[in-house]
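Consider the two complexes below, in which subunit A is the common component and subunit B and subunit C are the respective partners.
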Partner chain A sequence: MTAKGFLTDTTVCIGCKACEVACKQWNQLPDDGFVFTGTSYDNTGDLGASTWRHVAFIERPGKHPTDGFADLSWFEGDEAPGAKPAFGPDPTGDFSWLMMSDVCKHCVHAGCLDVCPTGSIIRTEFESVYVQPDICNGCGMCVAACPFGVIDRREDDGRAWKCTLCYDRLKGGMEPACAKACPTDSIVFGDVDELRQIAEQRVATLHERGVEEAYLYGESAESQPGTGGLNAFFLLVDDPEYYNLPPDPVDPTVTVGDSWRAAAATGLAMVAAVVGVFVSIGKAGR
Partner chain B sequence: MTDDTPRFIGDQGRVGDAVGAEQQRDSGHDGYPAPGRTDHRRPSLAAEDGSPTYYDQPAIKEPVWIWSVPAYFYTGGVVAGAALIGAVAQLVDRDGYDGVVRRCRLLAAAGTALGTAFLVHDLGRPTRFLNMLRVFRPTSAMSMGSWTLAASSGTAAAAATLPSLGAPRLADAAGLAAGVLAPPLGTYTAVLVSDTAVPVWQSTRRAMPALFGASALSSATDALDLLDLDEHEERLTRRIGIVAKTGELAAAVTVERAAEDVHERVARPLREGLSGGLWRAAKLATATSLVLSLLPVPKRLRSLRRILSALAGTVGALATRFAVFHAGTASARDPRATFEPQRERSGGAGSVAARRVGAGTETQTGSV
Partner chain C sequence: MPGLGTSFGRGGATTFQQDLANSDCIVIEGSNMAECHPVGFQWVMEAKRRGATLIHVDPRFTRTSAVADIWVPLRAGTDIAFLGGLVNYVIENDRYFHDYVVNYTNANAIIREGFEDTEDLDGLFSGWEPDKGQYDPETWQYEGTEVAPSAGQKEMSAGAAEAARGEDVTHRQTDDSLQHERCVFQLLKRHYSRYTPEAVAEICGIDEELFLRVADELTTNSGPERTAAFCYAVGWTQHTVGVQYIRTASILQLLLGNMGRPGGGIMALRGHASIQGSTDIPTLYNLLPGYLPVPHADHDTSLDEYVAYNETATGYWSSMDAYLVSLLKAYFGDAARPDNDFCYDHLPRMSGDHSHMTTVTAMEDGLVEGYFIMGENPVVGSMHGALHRKAARNLRWCVVRDFAPTESAEFWRTGPEFDRGEVDPADCDTEVFFFPCAAHTEKDGAFTNTQRLLQWHEKAVEPPGDARSELWFMFHLGNRLKELYADSNDPKDRPIQDLAWDYPTDGAHDEPVAEEVLAEISGWKLNEDGEREYLSSYTELEADGSTVAGCWIYTGAYAEGRNLPARRTPWWEQNWIAPEWAWAWPDNRRILYNRASAAPDGTPWSERKKYVWWNPDDEEWSSLGDSVDFVPGRPPDYHPEEGATGTDAIAGNSPFIMQADGKGWLFVPTGLLDGPLPTHYEPQESVTENLLYGQQCNPARIEWNRASNPYHRAFDDERFPHVLTTYRLTEHHTAGGMSRWVAWLSELMPELFCEISPQLADEVGVRNGEWVTIRTARGEIECRALVTERMRPVRVGRKRNRRWVHQVGLPYHWSYLGLVTGDTVNELIGFVADPNVSIQESKALTCAVERGKRSRGRRVVTSGPLVIDEERDA
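For the complex of A and B:
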C-alpha cells in the first residue's frame, strides 16, 4: 500500500486546536494536566504520551507573511469602506502569530522503531509508525531516540505512546480525526506522493504572492536525509527552530555504527590489557 | 482567501483532487528551491539576538530512565571486568589463580542478577521484561544488550554454581563463555546511550565506549580489592587497576573534547550543574585511586592502600556512570544543544545525513 501521511500547511492554521480536541476525543487520551504556560495561547506545550496533536503559537514582531491575502471586503461592507475588521490581521502590524499543528512525523527511517528492543513499534501497511500497546514494556529507549521529542512514556501506565496516524480509522477507510476536524485544511491527509505535489504547488503559489519564506520541512529524503524524509511533513515560513523543529534531525541508527566500532576496539583493548598484565606477572606459582 | 488560492482537498481524504497540480508545478515555479537542495536554511522573519527556540522549551524528550539505569551501567561494568579477568586467569593458570577465578565468577553471577533487577525495575511495565527477548534487532543497542546480558547471566551463573554441583569442566566452559561476552557487555551500554537523540550522548559516541570499557575493568578490580586477596592476587588487581584507571581518565578527557568539538553547548552539562559536579568528582576520585595505587608503601600498609584505592575507585566509577546519565538529562533539556550543532552542519557537505544519502545505504554512518 502507498504511504499515507499528513501535510500540515502552517500558513492557513488559525490555531483553533480542533485537531488537538478531535485527537484526544477519538483516541480517548487522558488529560495531561491543566497547565498555564504563560508564554502564549499555547497551554498544551508539547507533544507527549497523551498529546498527539499540539498547536504551537509563535508570537513574533511584524506582520504575518500572508497578511493581506484575505479579502475582507465582504466583512467591511459597502457602508464602511476601508474600515478595519474587529479581528483578523493585526491592523497595526506590530506583531503576528505563526501557528502550527505539530504531530508525529512518521519518519521514513524512524529512530523510535529502529531502537525498540521488543518489536512493539512497527511499520504498518500505511507506512506509518505504530506502537503496539500490548507489547511495549516501557523501556524508554524510543523516548530518548526520537529526534523530534514526540514519543513519551505515560507515567501512570508505564508504556510509550504517540500518534497512531489513527490506525483504527485508516483501517476503516476514514481519514485521521485531526485532519477530519481541521476547519481550514491546514492538516491534509493523503498519499504522501500526492501530498508532496500539493505542497510544492502551494509553496510555488506562496512564492508567487511574495511569501518568499515559504518552504517545505521534511518532505523528502533529499531535504532531510537523517530521517529519510517524513510521512507527516510541514509547510513553514520561518526557521524550524521557532516551531520547535530540529533543523537537521537524524535517526540515531544512522550514527550508532561509529559507537559499535569504538566498542569493538575498546573490547579488544580490554582483553589486551588483562592478558598483558597476566603475562607480566606470570603464573600464580602456588 | 482569494479565489485563486488553491483549495487542497475536501473531506474524506480525497487527496487525489489536486486539480492541475502538475501544470501548476511546471509554471510559476520561480524561486522555488528544486528538490534535492541541500541548504534548507531560510531567512528568519523574527531576527532576534540569540538562536531561535520555541519559548526555550526542550526540543527533545528527556530520557525517562531512573537511577537504576546508571546503577546498572556500574554493575554491568563490574560483571564485564570480573568475567574477563576470571576467564583470562583460568586460561593462564587455572589452579594457581583458583581464588581469583572463584571470586570473579561470584562477582559476575551476583552482578548479572543485581543488574538485571536494576533494569527490570526501570521498566514501565516490569512484568513484561521478557519481551526484551521477543525480537533480535541489530539496529537497537538495547536489544543487543538484552541478549548479551541474558547470555552473560546464564553463563556467569553456571560458572559460579556448577563447581559445587560436581561439574567443574562445564563450569570452566561457562566461565570462558562469560569472558567472551564480557567486552560487549561492558561497552554496549555506551553504545546504548549514543543510540539516542540526546546531544551530549550522540556527540560523544566514538569516545564513550572507551570510558565505559575502562571503567568496567577498573570497577571490577576495585570490587575484587574489597574482597580478601593474597599478595599475589593483590599484585594482579593493582596492575590491572592502574592500566584501567589511566585509561578511564584519558577516556574522560576524550569524551569532553568530543563534546566540545561538536559544540560548546553540547559540552556544557559536563561542566555545569549536577552532572558537571559528578563528572569532576568522578575524575578526582579516579585520579585519587590511581595515585594511591602507585604510592610506594611499606608491606604492612599494602592492604590499607588497596582498600582505600578501591573505595576511591568505586566512588569514581559510580560517579562516572551517574555523571554521564545526568549529563544526558541536562542535554535533552537544552533546546540549543539540539538545535545549534544541527544548524551549523545542516546542508553542509560533510553532514551525516548528506553522506548517508550519498552512500545510499541505510546503515551508512558518518560524522557530525
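For the complex of A and C:
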C-alpha cells in the first residue's frame, strides 16, 4: 500500500486548535492540566503522551516579553509630528504571528521503532509508525530515540504514546480526526506522493506571490537524510528552530553502523596503544 | 438588525460565507473571524488562495490579523471615523460606481428643506429635542412624500394613521445629475467632508499612509469587474452608536457598487449557532416573528390601525397584513377569525422599553417577579454581572435551564459580594428552579446560521436523566398553563385558552415532533378536502385567514411537505452556490438583492461578476443557480405608473424590493433614532474628546443613571487612562457554560488574562505572566498579564497635541464556577446602550491597570463607589 501521511501547510493555519481537540476527543486522551504558560496562545506546551497534535504560536520578530522589560527608548519624547512609531507589530508587515500544528512525523527511518526492544512499535500497512499499547512495556527506549521529542511515556500507566495516524479511522476508510477537523486545510491527509506534489505546487505559488521564505521541511530523503524523509511533513516560512523543530534531525540508529565502526576503531587503537606501551617498556627494560 | 434593515430592506447578512471565496478584497472589521468563526473562515482563506487581499481592522493583532495582508490597529470605538474617511475618499476621488449609485441607491433623492446636518449643528441633526432626549425626524424625510422604513423604528415617523405612508412614493423628487444641493449625494459629500485622511489618523490613531493603502485596495477591487466584501460581528454592534457603524459600511458598499453581487456584500457574523434564528423568530421584546413589530399600547389599537401604522404602501412590506394574519392563524388556529380581528387583541402590547438592561434595573427595583434564563448565562455574558446578581436576588422565582448550574443559577451564593460578607445567602428569598437541558445532539431541530441558512440536525442519542429539550419544556409548560386556565372566565386568560397548541408527540418523554413545528413556521393552507397544502413562498400568504405561517420569511422551508433544511446534497453534486444544501430565507436565496448584479438594462455588469441577468427572449430573469431577488417577470425598463402601490411600485431598476422606493438607502429618512447619516461620536467612556464635533457622545444613547451603575467623566479622566476592549477566544464559548466544564477546551485557555503591550507593561511595572488588577467605575478584577507586541499603543489627538493611549484587551469567558475559574470581566462594564437596539457598549470603555493582586473584590453594586485616587494617596 502507498504511504499515507500529512502535509501541514503552516501558511494557512489560523491556530484554532480544532486539530488538537479533535485528536483528544477521538483518541480519548486526558487533559494536560490547566496551566497558564504565558507563551503566546499556547498553554499545552509541546507534543507528549497526552497531546498528539499540538499548535505552536510564534510571535516574531522582537524580544520575548519574558526576557525582561521591553526597550522603551522610542516611547519617550517621540512626539514630533510625522515621526514613525518604532515599536510593536509594524502594520506594514514587519511582524508576524506564526502558527503550526505539530504532530508525529511518521519518519521513514523511525528512531522509536528501530530501538523498541519489545516489538511494540511497528510500521503499519499505511507506512505509519504505530505503538501497540498491549505490547509496550514502558521501557522508554523510544523516548530517547525520537529526534523530534514526540513520543512520551504517560506518568500514570508508564507506557509510551503518540499519534497513531488514526490507525482505527484509516481502517474504517476515514481520514485522521485532525485533518477532518481542520477548517482551512492547513492539515491535508493523503498519499505522501500526492501530498509532495501539492506541497511543491503551493511553494511555487507562494514564491510567485513574494513569499520567498516558503519551503518544505522533511518532504524527502534527500532533504532530510537523517530520517529518510517524513511521512508527515511541513510547509514552513522560517527556520525550523522557530517552530521547535530540529534543523537536522537524525534517527540515532542511522548512525549505529558508524558508531560501531568508531567504537571498533577506538578499541583497536587502545589495543595498539597498550601493545605499544608494552613494546616500548620491553625495549626500555632491555 | 436595523443597520442592514434600513439600508437594504432586510435585517440579515446580504451574502453567504461560501461566496466570500469570490471576493477580490475582504475587509474584516469589528470581527475576529478566524478566531470566532474558524469554520466559515475557510472561505476567506480560499479567497486568499485565489489572490484576494485581506484587510483586518482591529485594535488587537489577532489570529485574523496573522493571515491578513494589511492590519489596521485603530483605537477601539472609532470605526465610524475610519469608515467615514473611506466614504469621503471614495466621493472626493471619484471612485464611486456611478451607474450603480444613480440607479440603485437613493443618492438622487431630494431631502426636505428644513434638514440640517451635523456640520451645521456641531454634531446634532435637525429635530433634536433636548427635553425629550430624542429626535423628531420630520425634516429627514424625502421631499414630496413620506416613506416608512423596512426595519428599525417603524413607529418613529408615525403621524396620523389614516393613510399608508409612502402611498405616493412615485412623487419622490430626484435629481439624477446628483447636483441638487439637498440631494442625498450632496448631503453625504458635505457630511463626510471633514473625515479626511488626516482626521482619520488623529481620531483612530493610525498612520495616514496606512489608511490610504486600505482606501486604495478597497476602491481598486470594486467596480464592474471586481468586488469587495465586508465582514463584521459584535465588534461593531456593541457600542452606543453600533447600528450606525453598520450603516457606514452599508453606505460604503452602496457607493462602491458591491451590494447584491458575487464576492460583495456585507457578511454579518453572529455570535452563536442560532442568533440569526433568534432575531428571525425573536427572543426580543419588541419584535414578532419575521421582524413584525410588537403592537404599541397607545396607537396600535386594532388590526387595521396596526397595519396602517406599520405597513409601507410600496415594496413587499405592503403585504404586512398577510404576514401578520398568517402568524395569528398559527398562534390561535380556528379561534382566529375575521370577525375577531384574527385574535389580534390577544397579542401583548408594548408600553415602553422592556429591553434586557431595563428589565434588570426594574428587577433591582423589585418590579419583576419571575425570570426565565434559557440558553444564556447573563451573570457572565451580559454587562454588569454584580447588578444582575443583585437584581435576581429581588425576584420571587427564577428558572434556569442549562447543562450545569451556571453562575446565573448560583447568584444567591456565588460572587465576590459573598466573599466580602456584604450579602448573606440566607437573606435571599428567590426560589431557583434548575432544569438540566438537552444538548443539540440530543434533540431534533434547526439552527439558523449566520447567513440565514436553516440547517436541520437530528437527535443522535436520548438526553440523559431529567435533561429535556427546550421544545419539550415550552410545550409541556404551555399545556399545563392551558390546563390551569381551562375553566377561567376571565377575559385576560383567553389568549392561553385560544392558543393552538396541538403538536404531536413521540417517545417515552412525549417529545413534541420538531418537524411539525417547522411545518407550521413555514405555513400551509387547507384545500377543499380540508387537507394541508404546504406553501412555497411568502408571496402566497393571504390576509383573509386562509393561510397559516408562523414566520413569513421562513415560508417555503417546508414546501411540498419536505423538510428542506434537512437537505444535504454534497457540493460535488451541484454548483458552488449549493442551493440544495439546507434552505435559506427568503425563498432559499443565498445572495440578497442580487438583481443588482446586473446593470440597469438587465445585462451583467461584467462576465467575471455575472450572477443574475434579464433574458429578453423568455422575458424572465435568469441566474447562475440562486433564486432571483426581484419581482418575477418584471422587465428592467419597467416604470411604475404614478400612484402605483405594492409591488407595482417597484421599478425595473430597483433591486432593493423590500424598500418603499426599491433603493439602497445611503441616507435613512426614517427608522433610526440617532440620525439619517452615521456620525463619529466617542464612546460613553472615552480617553479623548470628540475631535470632530462639540457633541461628545451619541446624543440619543440610553443611560441608566442610578447608584449601582455609575459612569465616569466622559473623557480625559486620569483615574481611567486606558481603553478597554473585550472579546472572545476560539477556545471558549461566550459565557463559558459550554466550555469551562470541558477539560479539552479548558486546558487550551485555562486562566483569565489581559493582553497588554510591552510599553504598558513597563509603565505598570509588570512582567509577562504576572498578576495585574484592572478597575473601572463599576468594579475591580485580577488577572494574569499576557504581555505581547500584538497589542500596541495608539497616538491620538490633533497633530500638535498627539499623545499615546494604551489599549487593554480582556477576554470575558471566565467566572466563578467550572473546571477553570477567574474573575468575571463583564462586571467591569456598565449599562449604557445604543438607542436603536438597546445593545450595550462593551467594546470600548476605559479602565485603570495596576500591578499585582490588589483587588478586594469590590463591586459598586454592593460595596459603594470605588474611589481610586484617595486610595493611592493614602
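To be clear about the criterion, the second predicted complex is superposed on the first by the 224 of 286 C-alpha atoms of A that agree within 3 Å, B and C clash if a C-alpha of one lies under 4 Å from a C-alpha of the other, contacts with A are read in each partner's own complex, and residues count from 1 in each chain.
Keep in mind that, in the parts below, contacts are C-beta pairs under 8 Å (C-beta built on N, C-alpha and C of every residue); 3 or more make two chains touch, one makes a residue touch a chain.
All values derive from a computational prediction rather than experimental measurement.
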Touching partner for A:D31 - first (subunit B), second (subunit C), both, neither: second
Contacts of A:D185 with subunit B and subunit C, given as first, second, both or neither: both
Partner chain(s) touched by A:S40 [first = subunit B, second = subunit C, both, neither]: both
Partner chain in contact with A:A144 - subunit B first, subunit C second, else both or neither: first
Superposition-derived comparison: subunit B or subunit C, residues of subunit A touched: B
First, second, both or neither for A:G172, with subunit B first and subunit C second: neither
First, second, both or neither for A:W97, with subunit B first and subunit C second: second
First, second, both or neither for A:G15, with subunit B first and subunit C second: second
Subunit A residues contacted in one complex by subunit B, in the other by subunit C: 37, 40, 62, 65, 69-70, 185
Sites on subunit C touched by subunit A in the complex: 34-35, 38-39, 41-42, 45, 48-49, 51, 61, 63-67, 70-73, 206-207, 210, 729-731, 743-751, 753, 757-759, 761-762, 767-769, 784, 786-793, 795, 799-800, 802-804, 819-820
Touch list for subunit A against partner subunit B, complex: 7, 9, 37, 39-40, 45-46, 48, 56, 58, 60-62, 65, 69-71, 109, 111, 114-120, 135-141, 143-154, 157-160, 174-175, 179-180, 185, 188-191, 194-195, 197-198, 200-205, 207-208, 212-213, 215, 217, 220-226, 236-239, 241-244, 246-250, 252-263, 265-271, 273-281, 283-286
Subunit C contact footprint on subunit A (complex, rising order): 12, 14-18, 20-21, 24-25, 30-38, 40-41, 43-44, 59, 62, 64-66, 68-70, 72, 75, 79, 81, 84-85, 87-89, 91-92, 95-99, 183-185, 209
